[in-house]
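Shared between the two complexes below is chain A, which has chain B as its partner in the first and chain C in the second.
Showing the complex of A and B:
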């Protein structure tokens, strides 16, 4: 017999390393004579989309086209340290460094533009800088960059962002643990076969508070990928080891979800801006994955009254738990 | 081509072009593509047929290049990601993948695109189930497949 159930999982997650562990990132923004931009940072984009959003941030600050930016990353020969891609920290930490460096260089450009245009109420928009009150007074970004270079002004700025916290009191656990927190909740609907223990996940609804989605499509992608990973964690993925030897040696034995296993996912982006994040943003990498397994296990409990306390809830384990419950 | 001891001459077509290459009988198609022909768009993952990142099209059917011995491709037509489109002239599937945000780390993408292409050539309007089945041999650890499936569904829209 197949029984259906629903379950909820929720979490909060400290951004970055917390507990006084150093958590810093650098970014460098340089404006070339032809108005193109070079951004350097040791950050690593391994698929989460940080390269994309950092270019978006610099473009947003300077009012330029995204595709005029050349990004150089993760090269100790050329880039300042941004710390690891981990702890869901890049958007929040390196993002701040990107915005800071962009704003510093914008300040220099602003002073040159004020001098040339004779106005102070300047807007940087669509590759142009113009006065809000006298919009006919304008200069192209390209020309302004050239003027900056002709004046010998600093056309490169490096920014450093530090979110290292003070730490907590080891006795009480109270104090300054993390710079900020992300929140997420997910709902799973499952059908459990009471004969075999097979769990079919029918649907996952996943909400994540990202502060501000710099690139909504990327955030959805992170949520969907996180859910798929959480699904594998809950139901199939297991590292087996015997006497110190790995028994799970390949992807035929370590079963990650395929296109046939991932259910419809309904991602919801929640935006509650955090003042310490760039444009209010914080990370979503791990928060997207954490609530999935608890939501699925709660749904299993809701469906058949069996509490899974050890992962994965695969056929073997669930079948055993169901039989144990029948015997009681 | 000079004679090399222990090697055999292999003639095949890769992305429409005739190719002649001396191969060791133990080499796989994957090795020949990546190391001899320098077509590194075909990725090397598990080398056991589990992950699908080495997917190429051989005479119209997808194969795992890591499981095909090079000499089995004698006189065959191989299509790799390099033959799908160019940076200025992307294949409709490539455009759709970009539009729908179906690429994250990109490691599965070449194989995924070729599986999708082979599927659509046989079945121009696949159902959701058929798409899922069509790419079920291509693992993706990043996307949860949602946007990849959307990109394939909407390739002509």
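Showing the complex of A and C:
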């Protein structure tokens, strides 16, 4: 018989490394003579979309199009250290370095523009720099870049952002271990086949507080990817080991969900800005994944009154719990 | 990748001649979805690989007076898309539709599923339930026809001789009123090896008694087979719930007689019983 249930999973998650562990990131922004931009940073975009949002941030600060930016990343020979892509930290830590470096170079450009336009209340918008009170006084970003170079001014800036926190009290464990926290909640609806132990996830509703969504469709992608991973973690993924030898040796045996297994996902972006993040933003990578398994397990409990305490809740494991319950 | 010579025969005769000479050192390749992983893992080391999908007489589905003929290199996708098969053998088509994912179904063939003789095959047990027969050809002995039930000797081992090619699968038409069903249990919805599958064929007479029943579970025994003791229990009787319940117990016993008790039997016994009862119920509602 198929039984349906609904479950909720919630989480909060410390951004970055916390507990006094070094957590720093660098970015370098260079303005070329033709007004194009080169950004260098050791950050790694392995699919989460950080390259895109860093271009957005630099573009936002300098009032330019983000496709004029060339990004050089993850090359120890050419890029300053940004620390690992882990702990959901890139947007939050490297993002701050991007904004800082952009603002530093903007200051230099601003002084040149003030000199040329004879105005002080300048705006950087749509590839132009102009006076708010006298909008007819304007100079293109491209021309301004050239003027900066002609004057021999520094047209490259490096910024370093550090979110390393104090450690907690070693005796009491009290203190603020992390620079900030992310919050997320998910709802899962499942159908459990009590005859086979098969669980079908019918729907996931996922809300994540990201502070500020720099790129909303990027955030949705992260949420959907995280849910798919959480689903595999809850139901199928397992590494078997025997006497120190791995028995699960390839992806034919390690069961990640296929597109057929991933249910409709309804992502909700919650924006509660955090003052320490760039534009109020914080990370979403792991927070998107963490609530999924508890939500699914709670939904299973809601459907059939069985508590799963060991993962994965695969066919055999769940059916054993169902049989044990029937026996009692 | 290991080294071997790839031979692309132009005709059936060409292929049979090739095997007559080099069969012992050769492997046939159809879709390659079993063979290529085998070559990669170096489980097999042939000197020659004989490519058969381009031989036209090996393809297609034909209707005869009392039977159907299916070419060995017919892909699962072709089976699923065949109206002829869907009308006549819906459970067989369901088994083909359950294989891997679209990529595997586009390449994998019915002949490869049989010849590979995997204990976890999906189409092979369904064919067994349908009473499939195999047409084998060699240069030396010409054509011979054997029941599929006798062709699989042990896991991954068939009775095919090294100079033989499986050149056709023959299925007798089912008697009017035969109901059939296939169900597969896997760890996920696609690209999943069967944890278990079950094919049932059932016909009732005008008194609502079982006049024909075929039960073939797959992926639970080293070699799939019809569960005749369970079948006989129901033959000639009205399939009442109590009898079906008793039959499901016998079915599980028949399985354990073959496999012995293993870590997985604890799961397989109740679940095989459940799936059997559920499918019987569905077939009886029709």
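The working rule: the second predicted complex is superposed on the first by the 328 of 328 C-alpha atoms of A that agree within 3 Å, B and C clash if a C-alpha of one lies under 4 Å from a C-alpha of the other, contacts with A are read in each partner's own complex, and residues count from 1 in each chain.
In this section, contacts are C-beta pairs under 8 Å (C-beta built on N, C-alpha and C of every residue); 3 or more make two chains touch, one makes a residue touch a chain.
Note that this is a predicted model, so its numbers are computed, not measured.
S.K.: Is the number of chain A residues in contact higher for chain B or for chain C?
M.R.: Here the partner covering more residues of chain A is B.
S.K.: Contact-wise, after the overlay, does A:289 reach chain B, chain C, both or neither (first, second, both, neither)?
M.R.: neither
S.K.: Looking at the overlay, what does A:265 touch: chain B (first), chain C (second), both, or neither?
M.R.: A:265: touches chain B, not chain C.
S.K.: Tell me the contact category for A:47 with respect to chain B and chain C: first, second, both or neither.
M.R.: It touches chain B, and chain C stays clear.
S.K.: Could you say whether A:225 touches chain B, chain C, both of them, or neither, answering first, second, both or neither?
M.R.: Touch status of A:225: first partner only.
S.K.: Please indicate which partner A:314 is in contact with in the superposed arrangement: first for chain B, second for chain C, both, or neither.
M.R.: Only chain C is touched by A:314; chain B is not.
S.K.: By the touch definition at the top of the document, which applies to A:306: first (chain B), second (chain C), both, or neither?
M.R.: In the superposed model, A:306 contacts neither chain B nor chain C.
S.K.: Classify the contacts of A:213 with the two partner chains as first (chain B alone), second (chain C alone), both, or neither.
M.R.: It touches nothing on chain B or chain C.
S.K.: Would you sort A:250 into first (chain B), second (chain C), both or neither based on which partner it touches?
M.R.: In the superposition, A:250 contacts chain B only.
S.K.: Just to be sure I read the superposition right, which of the two partners does A:192 touch: chain B = first, chain C = second, or both, or neither?
M.R.: In the superposition, A:192 contacts neither chain B nor chain C.
S.K.: For chain A, give the residues common to its interface with chain B and its interface with chain C.
M.R.: 257-260
S.K.: Mind pulling up the chain C residues that touch chain A in the complex?
M.R.: Residues in contact with chain A: 101, 185, 187-192, 195, 264, 266-267, 270-271, 274-275, 278.
S.K.: Quick check on the complex: what are the chain B residues that touch chain A?
M.R.: My answer: residues 46, 48, 50-51, 100-101, 104-107, 131-133, 135-149.
S.K.: Given the complex with chain B, which residues does chain A contribute to the contact?
M.R.: 46-49, 217-218, 220-221, 224-229, 250-252, 256-260, 262, 265
S.K.: Could you pull out which chain A residues touch chain C in their complex?
M.R.: Residues in contact with chain C: 195-198, 236, 255, 257-261, 314-316, 319-320, 323.
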